[in-house]
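Each chain carries a letter (A, B and C) given by its place in the written order, and its residues are counted from 1.
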Amino acid sequence: MSRRLLYVLMLSLLLPAFASCSKRASSPKADVVIWHWMTDRQASFEKLAAEYEKEKGVRVVFETYAPSEVYRDKIRAAASGKLLPEVYNPLGDKREMASFIKSGYIANITPEMEKGWAKAFYPKPLSQNTFDSSNEFGVAPGIYGVPIDVSAIEIYYNKDLFKQAGLDPEKPPQTWDEFLEAGKKLRSAGIQPFASGFGEGWLIGVFAASYEWNLLGKQGLIDTYKGKIPYTDERWVRVFKLFDEMKQSGLFVSGIATMVNKDAERIFATGKAAMALNGSWGVNVYYTMNPNLNYGIMLPPKLKEARYPMAIFGGEGSSFNFNPLSPNKEKAVEFFKWLTEKNQQIVLATETRNIPANRDAGADLPPILKTFAENINKTFDPLPVIEDWRVTNIKNLGLQAIIIGEKPSAQVAREVQAEKERQEKDKQK
Amino acid sequence: MTKLSRDKTINLLFILPALVLFLIFNFYPLLRTFQLSFHEWDGIALKMKFVGLAQYRHILTQNPAFWRAMGNATYVTVLALTVQNGLALLLALLVNREIRGDNIYRTIFFLPPVLSGIVVGLIWKWIYDGNYGILNYFLASCGWQSFANYSWLSEIKTSLTAVAIVHMWKGFGYGFIILLAGLQTIPRELYEAATVDGADAWQQFKHITVPSMIPVFTVVAILTILGTMQIFDLIYSMTRGGPAGHTDVPITRIYEYMANGEFGYSTAMAVIFGIVLLSVSVVQIEASRRLNNK
Amino acid sequence: MKTKIYLVNFITHFILVVVSLSCIFPVFWMISSSLKSQEEIFTKMTLLPAHPNWSNYILAWTRAEFGQYFLNSAIYTITGVFGIVFISSLAAYGFARLEVWGKRFLFYLLISTLLIPIPGVFVPLYLMLNKMGLLDTRLGLVLCYVSGNLAFGIFLLRSFFEELPKEIEEAALIDGASRFGIYWRIALPLARPALATLIIFNSLSIWNEFLLALVVLQDKTKMPIQRGLMVFQGTHITDYPMLMAGLTIATIPVIVIYLLMQKHIVKGIAAGALKG
């Protein structure tokens, strides 16, 4: 056999081996490793970690993996290899969190919380990290994560554009009819009224949810998810029809059906739309895009016939969970107790323009953020059941179809109900 | 052992390194993933539930959205096979003639594939944008006012084709290079002899170029089909599968199920998808083989 | 007659120029955006920046710690491409010219990976790397890259090898050359356009690869350049000028490789070999 062949074979397999010879970077071993997805906060996090190390001698390292879809993949891979860091967040819904908990990847921190730590927070974000005794996921009741900030989704409106269209910038629409009227007035003034990232299904769901709570209330939603109220119920059809009414009044910005939120933010920041449905993080985003933007926020305008109060999406901003398999879990918890103290929260809030999770830190916020903070108690209560994701998906897609005028709301209602019945049947098998 | 069978064994050594790597890093994970398709698993739980063929049955009979996505991908693939590869072939033929500046053209045509998907998605989204888009600006200034605010990516009629155009724009560079390499291996003497014999350009193309290029055409066709059917990045960055699912493709569906904790189910979808692609490719390879041997 | 040639030439160049412009435009836009400020990108949709911020490039390089990532990407790309080219050309030659047990079956087996797109396959792959102790190692990542790209290489090269005229090889055989010698000295050089193609495509694919590197590597000092770009993508805000600057920096090496390689896709080499 030719020697050459042998050489070539060896070479092609050994080259990678040579490549792996490199001196290992000798950085001091970290006590607590935190994986997060918030690139814009890395600098603030590092500053606080350095402070903490000086005070307590514990070394905390923050590592960023962005964007969030990529972060999720990394978490899942690490979980299956049991290589999770001390602190992280699966960034999934309640069902996923339950799965992580049941597999032993997330620690139950109720004991630490009950020693007085829980009192510092707004109740909503904390309850979103909690599983109560009636939960359908089979998780032992308790608190499983700690929030470091809160957020909520409301409607931003451009005061200058409002004035231009003859609307009162200090009195945004309070009812649905006023909302539609405002839209028509803006249109006739040549201004596009309403933008949002409705290309992202969840955001349409968020807007619809406010009205679902408005018309059906908490129990109505629970009953629907349990299959006791069909989606063809007139209240649900009314919710769907709202989007049609928005379309007829010319409220929607061009291309809203495939718009991602980042683009909607840009459109609002550059004054090309008068209103935008967005979260409290928008304050920071708009500031970087256009610091001179003159805007206010308003709640989604309520329906005249609604029996329940208007509620908004939010409560939880960013939270973190702890890995029980790590030997440094106690140190990690201690660090977060420090991080959620009033002073550190104020630092984070001012540097990154987010609403702190610590109630005491809310007093010194700038006006817009303060309004958001005051509305935190209007966010949805956590529900003990969630709807099957396929049904929610069909609903969101149906709403998109209504927006582009492809289907009438009654048809969408029928399709969602059909999917729901299909899921119910599958579950029984 | 005869000399032939001894040769056959030694010759195996040529294939051995590839085979070993393949078995360890491709085949084994593939088998495990295949095994996964028979289970219900959310990607995290420590135990998986065996469900046999239930998920396959569901996909074949109760998941019309998946097959609609297949249809969408097929539409884009047909466009790619005809328009994209036609363009690539035309450009390869033109550049092959050693005209002035052919080096520059070769470099420029390869730029779209080199660009990251992020840049391509962003730029074309900007071009197509209903509010600020340069396309609408251009059309309006040419007198077609009705397109002033038309959102190409959000309207049912145009969204899929708009994305297809971007895909073809980004992809023709690959076909161009392979076809050019193929054209360059045809010995010049054949053309010179044909010219002496009085054949014109079209006849030379028909009788020299095409027959020599059949294997290359097959390679390009198969790669186009495989690459286009698996389209994902562009769809995700431009339309997220919208509006209302009109630009959904199999991979976006698979990712969606995975993100919602249906690992086993999404793997079954991937396996079915793979079988479809495999069958198409095998047919093509065999057909090309037969055509070549004639 | 002359006008006909003129016309053909004109149309040829016209088509080429139009297509070229459409190809250049995005690169131009990318560079132009990288020189703007964040505000400018959102508020003014102009073609050229008002005041070019060349410092964006320096900022991007330091903030993303590009030096290290650049070196890593280079290592992975060079070793990966070498591995792919050698191993796949060996196998492709075997499939094209040699008698082997179960040739057809093995061929389809090897290219089956091209045909089955399993996005989720990286989870079992990850678990296996972990078991083999190859997680967070350069070797592990490169082996994944090589094995992942073999199918394409074998597929492409087999077609090219099959098209090579058999006479030269048969002549060499009669002269007593070994199979490997023919592969090394005759087939490979003749397939230079195909090899160059392979080098270009694989360099591009490995250089731009992101997900596997991110998941397999934990140590920051081993991460490739695409990881560096993550720094500019925040949860809600993307630093577009920096991102564009970073992308431009990241795109240059591939273009350089392409320029070097595409010289080999040039007429005359094949013809020359025949004459000789």
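We adopt the following convention: a residue touches a chain if its C-beta (ideal position, glycine included) is under 8 Å from a C-beta of that chain, and two chains touch if they have at least 3 such contacts.
Since the structure is predicted, the reported quantities are computational estimates derived from the model, not experimental observations.
Asker: Farthest chain from chain B, comparing Cα centres?
Answerer: A
Asker: Please tell me whether B-C or A-B has the greater number of C-beta pairs in contact.
Answerer: B-C
Asker: Could you please state the distance in Å, as a whole number, between where the Cα atoms of chain A are centred and where those of chain B are centred?
Answerer: A distance of 35 Å separates the two centres.
Asker: Just the number, please: Cα centre separation of chain B and chain C in whole Å.
Answerer: 16
Asker: At least two partner chains per residue is the criterion; list those residues in chain B.
Answerer: In chain B, 10, 17, 43, 132 touch at least two other chains.
Asker: Going by the contact rule already set, what residues in chain C reach two or more other chains?
Answerer: 87, 90, 122-123, 143, 146, 179
Asker: For chain A, which residues are shared contacts with two or more other chains?
Answerer: Within chain A, residues 1, 5, 9, 12-13, 76, 80 contact more than one other chain.
Asker: State the interface residues of chain C toward chain B in the complex, per the touch definition above.
Answerer: Within the complex, chain C touches chain B at residues 9, 12-13, 15-16, 19-20, 22-27, 29-30, 45, 87-88, 90-91, 93-95, 98-101, 106, 108-110, 112-125, 128, 143-144, 146-148, 150, 152, 154-156, 159-160, 162-163, 179, 183, 190, 193-194, 196-197, 200-201, 204, 208, 243-244, 247, 250-251, 254-255, 258-259, 262, 265-267, 270-271, 274.
Asker: Would you tell me which residues of chain B are touching chain A in their complex?
Answerer: Contact set of chain B toward chain A: 10, 13, 17, 42-46, 62, 125, 129-132, 149-151, 153-156, 159, 238-240, 242-245, 256, 259-261.
Asker: Could you pull out which chain C residues touch chain A in their complex?
Answerer: Residue list for chain C touching chain A: 38-39, 42-43, 75-76, 79-80, 82-83, 86-87, 90, 122-123, 126-127, 130, 135, 137-139, 142-143, 146, 178-181, 184, 210-211, 214-215, 218-222, 230-238.
Asker: Which residues, counting only chain A, touch chain C once they are in their complex?
Answerer: 1-2, 4-5, 8-9, 11-13, 15-20, 22, 24-25, 37-40, 63-68, 70, 73-74, 76-77, 80-81, 83, 262, 265-266, 269-270, 281-282, 284-285, 288-290
Asker: Show me the residue ranges of chain B that touch chain C in the complex, using the header's touch definition.
Answerer: 4, 7-12, 14-15, 17-19, 21-22, 24-30, 32-33, 36, 43, 87, 90-91, 94-99, 104-116, 118-120, 123, 132, 169, 173-174, 177-178, 180-182, 184-185, 187-189, 212, 215-216, 218-219, 222-223, 226, 230, 251, 254-255, 258, 263, 266-267, 270-271, 273-274, 277-278, 281-282
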